[in-house]
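Just so it is clear, A, B, C and D label the chains in written order, and each chain counts residues from 1 on its own.
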Amino acid sequence: MLMFLDDYSEGAHPAVLEALVAHNGGQELGYGEDQHSRLATARIAAQVGRDCEVHLLVGGTQTNLTCLGAFLRPHEGVLAAQTAHINVHETGAVEATGHRIVQIPTPTGKLDPGLVDQALAQHQDEHSVRPAGIFLAQATEAGGVYSGEELRTLCSHAHARGLWVYLDGARLAPALAVLGARLDLIASCGVDAFFAGGTKNGALCGEAVVLVNDELRRDFRYHMKQRGALLAKGRLLGIQFARLFDRDDLWYRLGAQANAAAARLARGLRDSGVPPRAAEANQVFVELPGDAAARLATAVRFHVWSRGERGTLIRLVCSWATDDATVDRLIDEVRRALAPSTATETPPGEAPESGTMPGTGHGA
Amino acid sequence: MLMFLDDYSEGAHPAVLEALVAHNGGQELGYGEDQHSRLATARIAAQVGRDCEVHLLVGGTQTNLTCLGAFLRPHEGVLAAQTAHINVHETGAVEATGHRIVQIPTPTGKLDPGLVDQALAQHQDEHSVRPAGIFLAQATEAGGVYSGEELRTLCSHAHARGLWVYLDGARLAPALAVLGARLDLIASCGVDAFFAGGTKNGALCGEAVVLVNDELRRDFRYHMKQRGALLAKGRLLGIQFARLFDRDDLWYRLGAQANAAAARLARGLRDSGVPPRAAEANQVFVELPGDAAARLATAVRFHVWSRGERGTLIRLVCSWATDDATVDRLIDEVRRALAPSTATETPPGEAPESGTMPGTGHGA
Amino acid sequence: MLMFLDDYSEGAHPAVLEALVAHNGGQELGYGEDQHSRLATARIAAQVGRDCEVHLLVGGTQTNLTCLGAFLRPHEGVLAAQTAHINVHETGAVEATGHRIVQIPTPTGKLDPGLVDQALAQHQDEHSVRPAGIFLAQATEAGGVYSGEELRTLCSHAHARGLWVYLDGARLAPALAVLGARLDLIASCGVDAFFAGGTKNGALCGEAVVLVNDELRRDFRYHMKQRGALLAKGRLLGIQFARLFDRDDLWYRLGAQANAAAARLARGLRDSGVPPRAAEANQVFVELPGDAAARLATAVRFHVWSRGERGTLIRLVCSWATDDATVDRLIDEVRRALAPSTATETPPGEAPESGTMPGTGHGA
Amino acid sequence: MLMFLDDYSEGAHPAVLEALVAHNGGQELGYGEDQHSRLATARIAAQVGRDCEVHLLVGGTQTNLTCLGAFLRPHEGVLAAQTAHINVHETGAVEATGHRIVQIPTPTGKLDPGLVDQALAQHQDEHSVRPAGIFLAQATEAGGVYSGEELRTLCSHAHARGLWVYLDGARLAPALAVLGARLDLIASCGVDAFFAGGTKNGALCGEAVVLVNDELRRDFRYHMKQRGALLAKGRLLGIQFARLFDRDDLWYRLGAQANAAAARLARGLRDSGVPPRAAEANQVFVELPGDAAARLATAVRFHVWSRGERGTLIRLVCSWATDDATVDRLIDEVRRALAPSTATETPPGEAPESGTMPGTGHGA
């Protein structure tokens, strides 16, 4: 069974694993004060290229809830696309810290100044929460990538209205590869805080939070500890991020590799007559007609995004570990699913095995 | 300036005030254990007509957050219409207790089994909150009233899916007057918990919570105390509710009075060429063409509900204290606003003085 | 049965009730924007005598949780005496807003700079909460009153350490009467925020929050609304506080009246051979030997504070409504309880009827 | 510089690391549904020896806040020793989930039925939180170990009062080694939920939660996800725990190894004239007279527990990685510190370099 479910099904990239093995011995201080964490955060800060604070956390939901919980006062809420991961796939983690997510419907998963202003217009007095910041994802859960220009415009628009901008970078490496940019781009566009994702880009776990805005930095380690996000053996994160952000730009290269696999897949789909709807970074969204998705599901695991009258929109995710041969096998399976006579028979109408839940996949 | 902003601009009904004066002397136990609170809750329970627990709280937002905070476990959320008061006008009070409101778009402000099932279909595993209950308002914020049949269907549908039903009865008295029913209707339809609103129906403050479902009762006084909702001088609530639910059915009659005023207003609007969009209970929603709303705002305070291309939808609320003469003056003002030549000039395009925020009014 | 349980067993002071009756008619804006609330808050601000913001809330627990929830960031805690009301009698209301109360053991219920520093020494890094402020009660739950000098010292000590000072003034009127002072004293000593209690001093309900420190004012009405503490018919609070702080100094006089009753009681106890342990303001703590408390409980309701080998420490609370005759009857009952042969027999060892829970009374 | 600060300064045990390397390749399902996690939880459940649910989380604070947040309803609190880790070194993580920790002073860090009943006596009505469960640590933060008999008594006492018992097993392996027992002991004593610590016993990260009591299991994965405790690449935890609980009993043996090092250290201290105060499992608490601790701190890192008139109580922690030679070097350093003339001179009175904060060490 081929797996194109998500980008966290793999283990660590071999180079990251080697680093873990190489630095396993000896004693280190706990809670992120070890030499590896210091090295990793220094490397990341250097690449951000401006004054900032860097912290290493374990996972994406943890990072989102720790950051937003730290940034928001009780009566404040955060604006986010209705499809945002924090809104649909984190089990109310932000609400559990006491805060409302102000949901903004947007077909592309992207926010823009007009959408922000519409939301603000609905929140003008003490009978509504006070919007304090904007949550973006780069790449978005729907596969889109904000251009530098879009980010800059959105950030300056937000700042003019007293809002900060927080960017979920679970898939930041592929997004930066699309833009041909590096970490400094994000901060230079005005993003106040963001994280550079490790889990989906070569690490076993780990997200590197970058706090640019001085006001958002205060006492961040307290918030980490309180949310259970201050790892005792911080070296586990330090070693991985030090390696990912080492001189060979491993983290950036892995993002580009994932995109290359996705691009190959997109070409194959186009050639097969099912051009993908969106495939900017490492996620490919394609609508398969009729029962094709159900047939494909007998050979491939993927997430069903939505079901419509004409077919099923599915998500196929590539990672740094997806090789060409696997992509090509997937394309073959898609062709077989599209031309059922040549494939093993699947009873029409049978639901795909995976992704029985419409909506974004868990790791979107 | 006429005021049709809401139904909490008046003081207490004279009979309620008299009761407060009559029972002011002497000492009483605190925290709802006084004789008046015992009498009031016994009267209400008797009218509910089945085993239940009754508690007296101070206000609507307090009641909603105390009840929902008590009923929900941390990972659970409550389904509610997108226009629900808890969703748009309570400053994230439910989220501040740690819970997500699962918003359901519905043009009428009413939920039905199909809408519930659609929402449930989006919440099927541990990556989403677990819907545990349904929030209804009777009457709804958009002025509608659930029939007994609608309530019964919705409750049995909910129960079959393991959901409880909680009903916000800030305007329950007018709603019951529409239905020609009494408190027993609500419980007999299967509603698990609800409150009978006092603030908007003759009291200075106070909402009487009725817990029918045994599982939702556990330790409710602890929750009240923790949320600051256990009034020290409980007699303030006890005296008022004992009076409202005394033999003369004051509480029911006041709801009917508010509806009568709204009906007179609705007739007047119809006769003036602007038939109201909804006027089931004591709220009248009417769309005024062009700048008529702006002109009306020079003489009348009201909430603007939404602005469209053809005009402005406004809300006019009547209460038990709204007399015929005042309604007739309002109708005159509406006519004047509709035929500007006969009225004091208002610069066209000027925004209404009140209700600058589109959306539901605060007390909706 | 005589009742000396607490100071919230009475109704409203007649003058307050009269004001409610006098101003019941007519329409007013909701949510504290009515003319009475504006008048009340202006009067209180004038008496505070410096720039401040005044808000009217309903009850003490509600006020404490709204204020502390607003002032504290998630990782911050508040220092308080172990006997503080928020620590022992508010059902974890502060914790329910997400914050730790750092408990400081203190026999008198009073804090001082040394105790504060000891607590700070235990909270020095991100593995502990960050103490952000100090909770005081004036009068304290144990009946003590901070002198102006004590308050000033404590506030300047706190400020030097980056802490704000919040003062629970549920019994502020009696405390100020002890000091011969007015509201301006509290602010002039450096207290950053406090409330002037109405519930225990002549009102049916209501606490007036005074925010002196500019940083603690931000968006306070949002916090009120979110906690269910923004009363719809704000006039109920406005009318009462406008009357209490009218030119005749009713609020101050009621505090002095309660103290006078307590002083008469204290003299009587002393003359009866049981000098009270503490009786600074309107609460009298006295230890009754042997089974005297049990005997007294057959005729008087009161709270048992603690039980020891030599006797039982009880709390007797006087209010503005406690007249001399009632105090004298209480003293007679105490004498009878101390000399059982002249009283109706009580089986020795029987527990007092009320106050079966050792610890502070609920309204302490 | 020797390090006896804690038991999380080491990397992974080599066998655990080898397993991570061996199973790094290939794709696995995310969020704990991978084959390794299934294997690990099955092995642990088998060793518990009764019906239970096992979940793998990342760290100790995360585990405590996820479990207690899941088990408690809003108005409920948990009883814990004043020295409990959740009370002193988790930055109010439990309070941040909305719950009070009811602190019980106990010199040994151990709870017993009498202490529990005293606490319950202070929490009898809705003005206090409702105690719902008991938090224990095994071994305790002060180095003690509950015997099976003590646990059994405490659990049956708790159950008789409607309380559950939750046991923090960050150092469960050393504790079980002391008792010569295995995981089945904990459940057989009646503990309702506990975790078997990996971080301090050979893993890079990870705590295995065992839910025995059926009522505490409900929807646990929802709680994990909401708290950011459901690791995307669950294999990281699965592989480690599958290895630790493999047939060679690695997890148990590592606990015994840590104890053996501590026992060697205790003997050495005794022979040096400073018999340790407590050294039941892998933590050794010893009081060094005069300035000896300050001198020792020039060569060894450790935590200062408390400072008294006669000397300084320090904590020395051994782990599975502490070899005999290192222990012997530490003993030499202690002797040198005790007999300063033979050692490099240290200015008397200088504070130890590490552990400047009295109280339990962070990882206690």
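Convention: contacts are C-beta pairs under 8 Å (C-beta built on N, C-alpha and C of every residue); 3 or more make two chains touch, one makes a residue touch a chain.
Values in this document were obtained by computation on a predicted structure and should not be read as measured data.
Contacts with chain A and chain D are shared by B, C. Taking the CA centroid of chain C as reference, the farthest chain centroid is that of A.
In terms of C-beta pairs in contact, the better-connected of the chain pairs B-D and C-D is C-D. Separating the CA-averaged centres of chain B and chain C is a span of 34 Å.
Inter-chain spacing, taken between the CA centroids of chain B and chain D, is 51 Å. Chain C and chain D have Cα centroids lying 42 Å from one another.
Annotation for chain B: residues 74-75, 90-92, 96-98, 126-127, 129, 222, 225-226, 230, 362 touch two or more other chains. Against chain B, in their complex, chain A makes its touches with residues 74-75, 77, 88-92, 95-100, 103, 121-122, 124-129, 356-359, 362. By the touch criterion stated above, chain B contacts chain C in their complex at residues 3, 5-6, 8-12, 14, 17, 20-21, 23-31, 58-66, 90-93, 96-97, 199-200, 204-205, 222, 225-233, 235-236, 321, 362-363. The part of chain A that touches chain C in the complex is made up of residues 69-70, 73-75, 97-98, 126-127, 129-130, 219, 221-226, 230.
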